[in-house]
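In this document, chain identifiers A, B and C correspond to the written order of the chains, with residue numbering beginning at 1 in each.
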Amino acid sequence: MTVQKTNPKTNPKTNSGNFFEDFRIGQKLVHATPRTVTAGDAALYTSLFGPRFPVQSSAEFARSLGLPEAPMDDLLTFHIIFGKTVADISLNAVANLGYAECRFLRPVYAGDTLAATSDVIGLKENSNGKTGIVYVRSTGTNQRGETVASWVRWVMVRKGDEAAPVPEAVVPQLADVVSVSDLALPEANFSDYDFALAGSPHRWGDYEPGEQIDHIDGMTIEEAEHMMATRAFQNTAKVHFNQFTEGKGRFGRRLIYGGHVISLARALSFNGLGNAAFVAAINAGAHVAPCFAGDTVYAWSRIVEKAELPGRDDCGALRVNMIATKDYPCADFPLKDEAGKNHAAVILNLDYWVIMPK
Amino acid sequence: MTVQKTNPKTNPKTNSGNFFEDFRIGQKLVHATPRTVTAGDAALYTSLFGPRFPVQSSAEFARSLGLPEAPMDDLLTFHIIFGKTVADISLNAVANLGYAECRFLRPVYAGDTLAATSDVIGLKENSNGKTGIVYVRSTGTNQRGETVASWVRWVMVRKGDEAAPVPEAVVPQLADVVSVSDLALPEANFSDYDFALAGSPHRWGDYEPGEQIDHIDGMTIEEAEHMMATRAFQNTAKVHFNQFTEGKGRFGRRLIYGGHVISLARALSFNGLGNAAFVAAINAGAHVAPCFAGDTVYAWSRIVEKAELPGRDDCGALRVNMIATKDYPCADFPLKDEAGKNHAAVILNLDYWVIMPK
Amino acid sequence: MTVQKTNPKTNPKTNSGNFFEDFRIGQKLVHATPRTVTAGDAALYTSLFGPRFPVQSSAEFARSLGLPEAPMDDLLTFHIIFGKTVADISLNAVANLGYAECRFLRPVYAGDTLAATSDVIGLKENSNGKTGIVYVRSTGTNQRGETVASWVRWVMVRKGDEAAPVPEAVVPQLADVVSVSDLALPEANFSDYDFALAGSPHRWGDYEPGEQIDHIDGMTIEEAEHMMATRAFQNTAKVHFNQFTEGKGRFGRRLIYGGHVISLARALSFNGLGNAAFVAAINAGAHVAPCFAGDTVYAWSRIVEKAELPGRDDCGALRVNMIATKDYPCADFPLKDEAGKNHAAVILNLDYWVIMPK
């Protein structure tokens, strides 16, 4: 941003992103650039995060559940769609505040092409007059026009001109939790799910609300890793890539894309939630604190609730609260400190639904 | 090279590369190793450089232009062919001096296998008697024997034996600019090009010679990134990979392959040249200064000229002069300093033709 | 492991790995997770290690030998199968002691799905009562149930409870060398092998027992690289990934997976053994010293013996002893020091069979 302020000559053909006053309720943004997802992306995702969930790892395992081949990791789908929205929604964002009503509706396979649009559903200027909150519902579709995932997120965006008039505040009503009836039923049939090959004998019925799981393992993040991931997602938020500018900025270094932490924590959660085969929905998510290269990410989960899926006796849904920390093993399940604030080590608080075989 | 000097026992089965006196005018070098390019390479290229040009990003977008699927990035093709030439041409190079007459003739798709040959077209010993300049025309072909790209480059190569006799100097006449009539007409038909999905409304007709564009964004390079890229290109120049030797060498550290900077700058140029769909030719290129891990690369472009393509009303050619810098945002379009020398921050000066929809 | 000691609440659904007393002679372990290998994995492997062997690099070259397409690098196959065994065999290992009787039996192609099992064939408690040696024969199979590779390895594993009773010692008899009659004959026919495209004119007949080859080049390893590789192999040994824990541990930093060094050394060995088209067997291997990020790996080889392959006049086998070092060029072929111990720079000592065209 500094660049633009000091560069009145910047060519107007460059994208400086939308500022708060540029958004309008009801506006629909068509995001660039459509992206064909391939086996190359899946391999890269595995190498960057280390997931071991068998349906996404093995075409044969996927076929044993009736799928045509191994689907992409749900979070890879999420990141690619999310990445497209950045240039239009959050290039001038101060903070990514939250997610809600995120649903994964269809599997994505190698060869599918993802495109994204966003509808502006809420706008509220902050009292400082310098920023405002933008609420968008983003939708990712495949090459057949089918929605593969959809969610609401809200971000705090700077005003380009603090004197610019802004519309009346509209704050959307958002569900605290995606209701079970809104979860897409998995296309996979888990009747023949091979628990030995999957690496964990624990089924949906074995988990109980309130149960806490320390995922034990920790993973240190390198600059090259988070930049490679974020570029693969074609996410162009400059805070992730530019040491020269960010070295002089708020944190003195590059900030890791929050989605990188989600994917790492999800991969770590295999150790304890090995049969959480699909992410069905994200109810809420907060990037509680920033994460930087050199930090070691740990995670733990609490089972929030269990739900039967209508008409399905092969699988059920588990609502999970996953907490990620940095440089702090999760043996004591860190969440809040004594003052009731977020524990100093916590960087992610994610509330989501997974599908697990019964 | 240090290694060889101290190792008279080195087995002659190892490749020590050609020295200046080993080249002959008219010599044709068949380079190892043929390489099948895959969706994996394309994914890796995206993760390392972050391009967002839609034709290469989306198979659906490519099909909307009549192509069978998304082609490889032209520069990925360039780097893979270039990489093959290194073991025979530039293993003993002191400097990569220039490029000319580079043309991209056919798209490369996943599954195509690239092979490379070079013809020695010029030789000129330097007056110090220690080095000489080798000019080669390198040609990359696909599995059908069709040329996909071709260029001339010249490198300063050390003599293995300073007393060795060398042939009479021959310096080829090279075109300053690839003429428009020599540009391969794109196989893509841009009539239905979707500017909204592409992310930029600016067409060929919107650019004017003399126009300057600061591409704004900067990207910091990590050691792991440039080494992964350069290995993917099977480029074996040891200056890029060996901290132990290079730490004691000219720069005290590993040097980044110049092509890495070209690809980064090209990806950054999406912000301002988003519809520069293909690289048609490289007229000239100079790696003005070295680049190292930790440097943040920026870029700006000047439109040099515009050209109609014969028989095509869907697209035209733009000749672009792209400058890359390190640790220096390009708001003031750095090029020369007050003494007329290269600006201290400039690392790349590339003159090339792109194809853009009308 | 520290984590578990300080966390009595760790959920039993997490995998804490098997301890020495958990193993039984005759036990068969079915390892998670099956993994479909793709062109993405091959591309990543090339970018991480830089191999240039033509059969694996080019589908056209592979077809010229009668193969359907370019097979995966044998060591990629090895690492993926090895990775599966870690969670069950070596999560509580103190050291990976050795390999024997490793044979590569069938090529693996993009789309193949690998699964792994291990049979416990030896157990011997150490005299300190704290650890024991576990011998397993691990087998990797493809989706047709065909064995693609198989080997014995032995690891020193901690006891979870030092007082736990252990079975009587059984130490398997292992072959010092895989006999030539046990090598799988290559499916490739080398009659039309193109030595020019392969980059090296040296055939099986050109090598002699006792011949030593310094592979000259060195390659520095970055943290991001070895972690990306090891995650791609779904190898979950925590010593490779967690700077927070390992920074306080034995080495004060993350340890590089020994297989990473094998792959680097094999890629470096192209310079001198360029036509060593396939790895047929590993007779023995020792990770003599640890390797860390920042180390520069070099390698040299000694031809141990030559063997005709039954019924084949197109290719033969070479037994190679490959030594890798760190931060030490191999011009003087380092192996032992004056006291007869391993040379301080040596990190890998690998004895293996390769197939080379005649």
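The rule is simple: contacts are C-beta pairs under 8 Å (C-beta built on N, C-alpha and C of every residue); 3 or more make two chains touch, one makes a residue touch a chain.
Nothing here was measured: the structure is a model prediction, and the numbers come from that model.
Residues touching across the chain B-chain C interface largely differ between the two copies, under half of the numbers being common to both. The best fit of Cα atoms from chain A onto chain C calls for a rotation angle of 120°, in steps of 5.
Note on chain placement: the centre of chain B and the centre of chain C lie 36 Å apart, centres being C-alpha means. Residues of chain B found to touch two or more other chains are 38-41, 43-44, 110, 222-225, 228. Those residues of chain C that touch chain A in the complex are listed here as 3-4, 6-7, 9-11, 13-16, 30-36, 38-41, 43-44, 87, 110-111, 113, 115, 143, 222-225, 227-229, 231-232, 234, 236, 238, 241-245, 254. Against chain B, in their complex, chain C makes its touches with residues 38-44, 46-50, 52-54, 57-61, 70, 110, 196-200, 202, 206-207, 211-220, 222-225, 228, 271-274, 294, 296, 327, 329, 331-333.
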